Amino acid sequence: EARLAEFEARIARGEKIEPGDWMPEEYRRQLVRMISQHAHSEVVGMLPEGAWITRAPSLKRKMILIAKVQDEAGHGQYLYHAAETLGVTREEMLEALLSGKAKYSSIFNYPTLTWADIGTIGWLVDGAAIKNQTMLAQCSYGPYSRAMVRICAEETFHHKQGKEMVITYAQGTPKQRAMAQDAINRWWWPALMMLGPHDSDSPNTPTLVKWGIKTKTNDQVRQEFINEHAPEILEAGLTLPDPDLRYDSATGNWVHGPIDWDEFWAVVNGNGPMNKERLEARRKAHAEGAWVREALAVYAARKQQTAVAV
Amino acid sequence: MNEPVKQALIAKLTALADDELILAHRDSEWVGHGPILEEDIALANIAQDELGHATVWYGLRSALDGSDPDQLAFFRDATAFRNSELVELPRGDWAFTLLRQYLFDAYEVLWLHAVQSSTYPPLAEAAAKMLREERFHLQHTQAWIERLGQGTAESNRRMQAALDGQWGYAQQLFVPLPDEPLLVAEGIVPDLAEVKEAWLSRTTQHLQNSGLRLPLQMGYQPTTREIHTEHLWSLLAEMQSTARWDPEAKVW
Amino acid sequence: EARLAEFEARIARGEKIEPGDWMPEEYRRQLVRMISQHAHSEVVGMLPEGAWITRAPSLKRKMILIAKVQDEAGHGQYLYHAAETLGVTREEMLEALLSGKAKYSSIFNYPTLTWADIGTIGWLVDGAAIKNQTMLAQCSYGPYSRAMVRICAEETFHHKQGKEMVITYAQGTPKQRAMAQDAINRWWWPALMMLGPHDSDSPNTPTLVKWGIKTKTNDQVRQEFINEHAPEILEAGLTLPDPDLRYDSATGNWVHGPIDWDEFWAVVNGNGPMNKERLEARRKAHAEGAWVREALAVYAARKQQTAVAV
Amino acid sequence: MNEPVKQALIAKLTALADDELILAHRDSEWVGHGPILEEDIALANIAQDELGHATVWYGLRSALDGSDPDQLAFFRDATAFRNSELVELPRGDWAFTLLRQYLFDAYEVLWLHAVQSSTYPPLAEAAAKMLREERFHLQHTQAWIERLGQGTAESNRRMQAALDGQWGYAQQLFVPLPDEPLLVAEGIVPDLAEVKEAWLSRTTQHLQNSGLRLPLQMGYQPTTREIHTEHLWSLLAEMQSTARWDPEAKVW
């Protein structure tokens, strides 16, 4: 069909697709899925970190953490707006999240057990997210691409702060070192998994690449992540929980051992340590906020009425 | 500055900082659990500002006595904190949190405004900087009081319950510290009685315009910052748990 | 009237009045007021102490505290039963408590701020209660008198444990000593006040004494309490927050300074530090338990029905 | 007893004690807040018994390695605790608390029953003593499951929600510690697989008779006691706050 050919030609020329433009239904569908999932991840991602604001060990760290979590909420808001340009409403997306239909990043179904988890999330989880988002900043859909550019800048800042924290603790007291190592041990594999299944198990990837939504495969992005982070973590004097990990001088890549995809799929399918609690927390916040939203609506309607009457 | 005045100023800065720190703690308990994403952001923003103010006040104290702000925040016991009881109360529902923030903001804006003409320049300068933020908070929380007070019967009921519960506690914000008269005499801080008058007139008017009942039976009014509620011990157990977890740690 | 004369003669002979016996309406009314107030005090009194079970500093202290609070619940139960013998129901009494109509001991409207408060409550508050209860064990109304005998035995045990705790801390580290002293400072005056207003401000007393409900006045009981506790506290190396306190060798009494009755009446009238919170906690427990009580009632009714049908 | 067996037994006693201590903590949070005074007493009684069991298990460990039970309870960090995740979960509503206590009691009765024939006499003797208490708990909680399961639609819904939330966690009670097979081989503790079979049969029958749906989608099943939920840190911050408040204190 001519429109499709023209659409694909635009993408091939590196043009951005904008909200008013014609697009294949499947392109739209995939973008709504990805962007809303991304937005949900930001919002759910506030929970594991937000819970440590009250327990941060210094005024400076507390301030940094509030600011970070606030940024995440802002990213969520920004991404919901980007998804709305594709004709889906915030209410529909929230409903899909609360009903368990929509997914969010599996990484947030792991618990934050100590303060070092906060640094480690910044370093590894934001680090993995940045690799993904840097790629998505090239995305063919304009609003998503621009959202990614902005978000990436902030995430890079969080990533730096997280890295600095973990390295500080790795050079700290024995308890701090142990805490940092424990956190790396628990988050390393989930961080690798959060970049998605192997290319061979990722049926959407070819289409997404063809349409310029993704420009790299999961395995490529994962390899970039490992190549950057593995040597930095080792240099910090910490170890990684992968006995097979080695540097391959031929390819210049750090080669990792087998990933436990059973665990990945268990978490994706709702059986991770925190799936129930995260969703429950969101549902509870939504339910307990119902009277607030209702009050706002009634107030706004009354003001409007008054305005009209006057 | 003579020694008694200096000591009085240290005590005052501690009380100011403790109020902000504990209030920021209660506000930040909402992070991720707000009724609307936008309001989650707004409240986190307020918490961040209050925490920033705490850091400024501890910093001014530090300039006077060399104390370490993190030591004050994370290694002092409940009995040594000098915050008002209002800010310790559990966060309650959204009405409770927003009302407390409103009552506090209204006080803080008036106090900061007056302290801009302090004879102690660091205080005057800090106040001028904070005032912009606080005016924004007040605008925000003031709007919430009206919207919830005039919203549904349910939201009005919740706001009224929050007001009944907090009105007596809020009066403590205007109880001077034992040596505060020294500071007032030196023109370093304003007379709280005057601030209170302006606060009462402003808040009662806005609360009544928002459909809330006043005056109330006062109930309990704390008179000293040396006593706290039953909630502060647990709040600090949580807040200080990481810092105290490894007493040997030099850097966090 | 003959019945009243006979009633008063029985009391004069030291006989106990029992549930079926004739009694003046005012006698019944005063007893219901006192016993239910006493029961409420036990139940509300669980709150300030119960909150420290989770924070007790040793396994032994934790065990002792749970047992103590459990005893208090038992006392409440026992006293509600005693009041029921006078024709009032548990529901009526609970309703009076939750509506704020019924009183409970003003002492429980003060907060428990540190662990030393637990020892101090045992020593001073239970100490004051025992003085009162020892007197009430002589009460002319049989069920109340017997309840007091039993309760006194347990309270004496609590009193001993509290005293032992405070004395231990008074001999402990500087922080422990300071904590103990601070607790004594905060609880001393409220303990004196909990024994009630001066005789001159206690209009019920003459009637209660005449009918053998009380056998001593408030001031007499208070003096007994001070005479026992003041020297023990001083001997423990602690001070008392009363600059006027002195031993009067002529009377053998410890003479105290003026009591702040304004504070007493403020607390009795609902303006103590914890009045709102205590009542709120009871109301919340009651409201949140409504579905449980309803389920039990439905279940019981269904079982009964089935039994009848079979 | 050779060293590996001794170490395995120390680990097992720690896990047993930690389970009881943390469960007692959660139960005791209800004190003063129960739905009926009589049940406030009953649950406090159960908490007291579980705390007593914790003390016994720590004591048996102490006899082996000289450790101080209070040090273990009040100065160990969250990462060193070896309780199951089930007992850490916040107390929830009355249905949640009673169901957890029921699932735990049913396990404990069966486990204690089996361990009465332990080849390690102190364990066998302790079990025999506890068993009487536990049978009473089980009778009590079992009755509650039936009454709430068959009570109103609301109580049934709450029980079912509690069951959905806990069933996966409860399975962790039957995951042996890494070196537990050594103890089983020596006849010191029973094989958890056998205990589980009896437990499953008993609980599923009673739950179904009480009008609750089974089997469920398992959900998350914790596999190691080295990892905890997000709740343990705060629970311990509260539990250990007094003991850690004065590290120099020798006696409490």
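Letters A, B, C and D mark the chains in the order given here, with residues in each chain numbered from 1 onward.
Here, a residue touches a chain if its C-beta (ideal position, glycine included) is under 8 Å from a C-beta of that chain, and two chains touch if they have at least 3 such contacts.
Please read these numbers as outputs of a predicted model, since none were measured by experiment.
Visitor: With contacts counted as defined, which of the two, A-B or A-D, has more C-beta pairs across the interface?
Guide: Between A-B and A-D, the larger count of C-beta pairs in contact belongs to A-B.
Visitor: Report, in whole Å, the distance between the mean C-alpha point of chain A and the mean C-alpha point of chain C.
Guide: That pair's centroid distance is 57 Å.
Visitor: Roughly how far is chain A from chain D, centre to centre by C-alpha average, rounded to an integer in Å?
Guide: One centre to the other, that is 37 Å.
Visitor: On a C-alpha centroid basis, what's the spacing between chain B and chain D, in Å?
Guide: The separation of the two C-alpha centroids amounts to 42 Å.
Visitor: Among all residues of chain C, which ones touch two or more of the remaining chains?
Guide: Residues 51, 55 of chain C touch two or more partner chains.
Visitor: Give the residues of chain B that touch two or more other chains, as numbers and ranges in rising order.
Guide: Where chain B meets two or more other chains at a single residue, that happens at 233-234, 237-238, 241, 245.
Visitor: Check the chains against each other and report every pair that touches.
Guide: Once each pair is checked, the touching ones are A-B, A-D, B-C, B-D, C-D.
Visitor: Give the list of chain C residues in touch with chain B in this complex.
Guide: 48, 51, 55, 111-114, 182, 186, 270-277
Visitor: Which residues, counting only chain B, touch chain C once they are in their complex?
Guide: Interface residues on the chain B side: 78-79, 165, 168, 217-222, 227-230, 232-234, 237.
Visitor: Could you pull out which chain B residues touch chain A in their complex?
Guide: These residues of chain B touch chain A: 25, 28-29, 31-38, 40-41, 44-45, 47-48, 51-52, 54-55, 58, 69-70, 73-74, 93-94, 146-148, 150-152, 154-155, 158, 238-239, 241-243, 245-246, 248-252.
Visitor: Which residues, counting only chain D, touch chain B once they are in their complex?
Guide: These residues of chain D touch chain B: 77, 233-234, 237-238, 241, 244-245, 247.
Visitor: How about chain A: which of its residues touch chain B in the complex?
Guide: 43, 46-47, 50-59, 61-63, 66-67, 69-70, 73-74, 76-77, 80, 115, 168, 172-173, 175-176, 281, 284-286, 288-296, 298-299, 302
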